[in-house]
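Report on the following structure.
In this document, chain identifiers A, B, C and D correspond to the written order of the chains, with residue numbering beginning at 1 in each.
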Amino acid sequence: MIRVAILGASGYTALELCRLLLRHPEVEITALTTRQPGRPSLAEVHPALAGRLDLALEQLTTAEVAERADCVFSCLPHGASASAVATLLDADCSVIDFSADYRLRDVSVYEATYGVTHPDPERLPQTVYGLPELYRKRIKSARLVANPGCYPTAAILALAPLLRTNLISADTIIVDSKSGASGAGRQPKPNLHFPECNENLAAYSVGSHRHTPEIDQVLCDMANHDNQTKNPVRVLFVPHLIPMDRGILSTCYGVPQDKTSREIVLDTLRDAYQNEPFIRISESLPMTKQVVGSNFCDLTAQVVRDRVVVVSVIDNLLKGASGAAVQNFNLMHGFPETTALL
Amino acid sequence: MIRVAILGASGYTALELCRLLLRHPEVEITALTTRQPGRPSLAEVHPALAGRLDLALEQLTTAEVAERADCVFSCLPHGASASAVATLLDADCSVIDFSADYRLRDVSVYEATYGVTHPDPERLPQTVYGLPELYRKRIKSARLVANPGCYPTAAILALAPLLRTNLISADTIIVDSKSGASGAGRQPKPNLHFPECNENLAAYSVGSHRHTPEIDQVLCDMANHDNQTKNPVRVLFVPHLIPMDRGILSTCYGVPQDKTSREIVLDTLRDAYQNEPFIRISESLPMTKQVVGSNFCDLTAQVVRDRVVVVSVIDNLLKGASGAAVQNFNLMHGFPETTALL
Amino acid sequence: MIRVAILGASGYTALELCRLLLRHPEVEITALTTRQPGRPSLAEVHPALAGRLDLALEQLTTAEVAERADCVFSCLPHGASASAVATLLDADCSVIDFSADYRLRDVSVYEATYGVTHPDPERLPQTVYGLPELYRKRIKSARLVANPGCYPTAAILALAPLLRTNLISADTIIVDSKSGASGAGRQPKPNLHFPECNENLAAYSVGSHRHTPEIDQVLCDMANHDNQTKNPVRVLFVPHLIPMDRGILSTCYGVPQDKTSREIVLDTLRDAYQNEPFIRISESLPMTKQVVGSNFCDLTAQVVRDRVVVVSVIDNLLKGASGAAVQNFNLMHGFPETTALL
Amino acid sequence: MIRVAILGASGYTALELCRLLLRHPEVEITALTTRQPGRPSLAEVHPALAGRLDLALEQLTTAEVAERADCVFSCLPHGASASAVATLLDADCSVIDFSADYRLRDVSVYEATYGVTHPDPERLPQTVYGLPELYRKRIKSARLVANPGCYPTAAILALAPLLRTNLISADTIIVDSKSGASGAGRQPKPNLHFPECNENLAAYSVGSHRHTPEIDQVLCDMANHDNQTKNPVRVLFVPHLIPMDRGILSTCYGVPQDKTSREIVLDTLRDAYQNEPFIRISESLPMTKQVVGSNFCDLTAQVVRDRVVVVSVIDNLLKGASGAAVQNFNLMHGFPETTALL
């Protein structure tokens, strides 16, 4: 039985994480933290979990958390997360970090992107990016895993096999992504006020979204490029906010290096993911609804007017966050990878 | 040409009011106020109105407003509104007040309901409740009109004719109302955060909603009762928040005083509203969508298991707010009642 | 291991049922039927289940189903279901019937309500109504269980304890229900066409909904009344269609027999359901979202203006259909009641 | 006063068209046609219009329509529309055709795209494409105007100025479009069934949508190319279905021919549209909600990673259909272009 703590347990990813972990036969949730005072019960913060777990959300120190838990899921915001993570690792906890703090290997890219000084920069070069389909072996032996961002998960799973096989050019990629509103978190904001967001549709952070360098970095790995070289992968990433709770659909466009066909692209995806428990390749166009509530990423591809179009869908809170985290947890602790996820 | 000002112009009712007034051939909008600093343009606050009206939202004193306008629509919050209104009336402006400040005749009921001291209590007994279908004659000669609340409009229009004719008992009325989220205003709040409100449904303020005394007061008028007598109308009012932008549907239940029938109830409604330009009685059940974007209130009634059920639908921002306000404006200034409303 | 078949497997309740049964350690799904020709795969009909179960939907005879399965869930429409059920029971299958065919004990009420001749009327008087909170003991020994309707589940769970204790009068009950659109099934219809249903709200089947006699019958049981006596429970039931996928909220109104209080009502509910794994009583008003995706029914009550208001929420596809069915399945087969449901 | 008829008056575009025409001071609606038998009243078909226009939908011959009307709006499906149009023009009616029948100049492209034989191919080469911003002069003198498709309107208005000025390459354009569900019409279909479409998101008709040749043709005009030459504009067009009623957002990607900047692109758009009453250029990213209910097309542009991104938003039923039709009507009949549209 692994004793598990969740830092920052009042948000949507923590709610989904609790739902999953409550089904996990080898997990006991022993601590939930919050910045809110007053020790609210889990049921007050997440009424859906009333009666499921008799635990309060507490303002615990990192040391107190380390005493109660073997493995810690951090849902803290960036900056705050790395400070806690460093202490937890020193106290022999394993950690799965939902924040962006350990996703980017280059501290200068991190600091330019997030506008804060990284509190634990030495650890960055060796951190493990928690996308099992690409880095499973390293995850299995990791004590700290950087859980991927939701948009990067959808984009990278769509494009990685095509870059690894040089099927598309590295410098022509457009990722036009559409996400439900839960991806923006639980904090009320004007653009997520129901009468603003509902029946509305907008692009945002065009060319400046923080997930861009994360996509670039991993796709560079795939293309055997290096961020420091002259010809890195530089994705044009445009996210859009969709009036629905959950789900990301990414429409990814690339120029083939050579003449290609739909069958070649689909076969490349099938080859890459043939043993993956959570990737499904189909000929029909996937809809977000078919993956919402699951840890699946569904993919298809077409070749239209000499360009490759790959469409991927995930549940941003599961494969894009808490599902991936549990998948990483299973790998790190030697449990069957799909435990609590099907 | 009437010069018109709007106080508190950054909300949803002000946006709808601007849309209507821009179509009104006898209106010139001359001032828009806000508590926000920085003189934002109307287009910044309401991008839908970009290019329609070259005016900024300003922090104006009431005196400055009175100089620029003949008629003032106040979309200020309760309390703040009455303070401004009193000054404006003294400066010879006519006023249509969207707040609750002049809706309740009894200052003690007002203060118990809204939890504030009324800044202008002397004026309350003579104020005019701006529901044209019931008080048209008084509205025509008023200089101050209290624009009705959205829930009261839907409930009162459904029930008034049945109380006026003693068709239903005054003490058995249940109003089960369902409203879209725009009724709660533009200020972000946790329960109106998109991922909370979307795909969700809840009752709220059960038995304690501030619109209850307003409904009671007007229906008492209709039943020829008095709030101070022993047998006033005391409605059981339960509002629900519906995951949609606009529209209120009220399902109103009453016990008939004598044996009745659907045709009798429908005829009572038809008699009451036969010359009304914005009330439509039908045999089919009305949907909110058929009135959204319009100033109509659509009604039907059924008699089921010896009880009367009246269903009413309105657009909460139009017949329930800004449309009614323009209707009142037309009546007060002698314009055809439907001007800018069809 | 129980071999399980699902009749009529292309709808929403069958999809949810598959999701649950795939998690059930004692179940093997062995047959899925459909009226569609061509043996579509489960993944074609329900893309969400791609890769989960390698089974086609087939046009099987009832005899073929009986050979493959020990227990059959029938998601067939009323009329068709009873014909299949009778054959299956004769072939020694146990059956959980989602249709209305075995819910009403009085065949004349059934035939007046559903407008068809009942193909198996002899069995009606002894059938078991599958609401575990009221009929658990009979369910445990049943071979046929009539799975309750979604609206009746929400209404009955809210009201049963109050009628059993004579807390409210039997003849004053109003059930104002609001349901998401999945309750209407998967067949496209004009009123469920997205641009008609979305951003819209309407009452429907006012006083004539087919679930009314079902609610009446069970609440009569609770009130120790009989439908044939002079003073049966006759609920005024008004359903509304809400623009969301899933969830029912019922606002139930009753007149107390004696002076009562909120605490008395809440305690009555708590007493009735204290050992129930899927009923949660709270002081705060429940939202549908807190039960969607779960088998919970959440309840609260208030006393306002001398009337009792009970609010209940369920997921119409789970506690209102497939979750209840699995709960019944567990009881019938001696498995822990919550298996596959938490 | 122009006598106006609407063919195929039961759909969403006809509803919006009626709303607009009822506000037009120079229009009298004299005939509405339908394929439905039984002469349903307008109020039955469109409850929103109850009390607005006392007219039935009739099964009229084209000759009967021609007798009653000076100008005919055809909302008939493609194929059917051209047959009616030809007769109406011969009878001296002017026509605004919502179908695709007169949009494509090349009959072979039309027949390949729509899979039907064109009933009136001789007229195609001279028809006028009803996008006032590009073809105003020709529209003014036309007796037949082909009203543009909704997707083409959003895409062409975004890209036309950039192709006319050779700012972007003609062969690199990607149009990633997102549309609300009303664009698919009023006929119930499985993918538009509320529980399928709601909370869901999918690409569709990738590379095969019928609006593609329409976009290509007009952008070719703009680039001074010809479809028959070696280097035509060949847009990669990918539409997506968004769970909302109304609104299209198109995210358009192009490769600049020379080094460019955001200011250059914005100035190019501003120059092109400086006198246009319904085009608004802004620096902020436009949302569909700010144009829904209006005839505006709002645009912005950015230059990111050496590519040009133009975002456009329209109301698919107004600027994308009925609003454009009234704008064309005004131009054809010499009325101020914005009549009934502000």
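Keep this in mind: contacts are C-beta pairs under 8 Å (C-beta built on N, C-alpha and C of every residue); 3 or more make two chains touch, one makes a residue touch a chain.
The shown structure was predicted, so the numbers you read here are calculated from the model rather than taken from an experiment.
Visitor: Comparing the two chain pairs, does A-B have more C-beta contacts than A-C, or is it the other way round?
Guide: Taking the two pairs in turn, the one with more contacts turns out to be A-B.
Visitor: Going by average Cα coordinates, which chain is farthest removed from subunit C?
Guide: That would be chain D.
Visitor: Using mean CA coordinates as chain centres, what's the subunit A-subunit D distance in Å?
Guide: Computed from C-alpha means, the inter-chain centre distance equals 39 Å.
Visitor: Approximately how many whole Å separate the CA-defined centres of subunit A and subunit B?
Guide: 46
Visitor: Calculate how many whole Å lie between the centre of subunit A and the centre of subunit C, each centre taken as the average of the chain's C-alpha atoms.
Guide: Computed from C-alpha means, the inter-chain centre distance equals 37 Å.
Visitor: Which residues of subunit C are in contact with two or more other chains?
Guide: Where subunit C meets two or more other chains at a single residue, that happens at 180, 196, 198-199, 243-245, 286-287, 289.
Visitor: So in the complex, the part of subunit D that touches subunit B is made up of which residues?
Guide: Touch list, subunit D to subunit B: 22-23, 47-48, 50-52, 199, 280, 282, 284, 286-287, 289-291, 293-294, 296, 298, 342.
Visitor: Which of the residues in subunit C come into contact with subunit B in the complex?
Guide: Touch residues, subunit C against subunit B: 174, 176, 178, 180, 196, 198-204, 206-207, 234, 236, 238, 240, 242-247, 249, 251, 253, 285-289, 292, 302, 304-305, 307, 309, 311, 313.
Visitor: Subunit A touches which residues of subunit B in the complex?
Guide: Spelled out, the residues of subunit B in touch with subunit A are 12, 180-182, 186-190, 192-199, 243-245.
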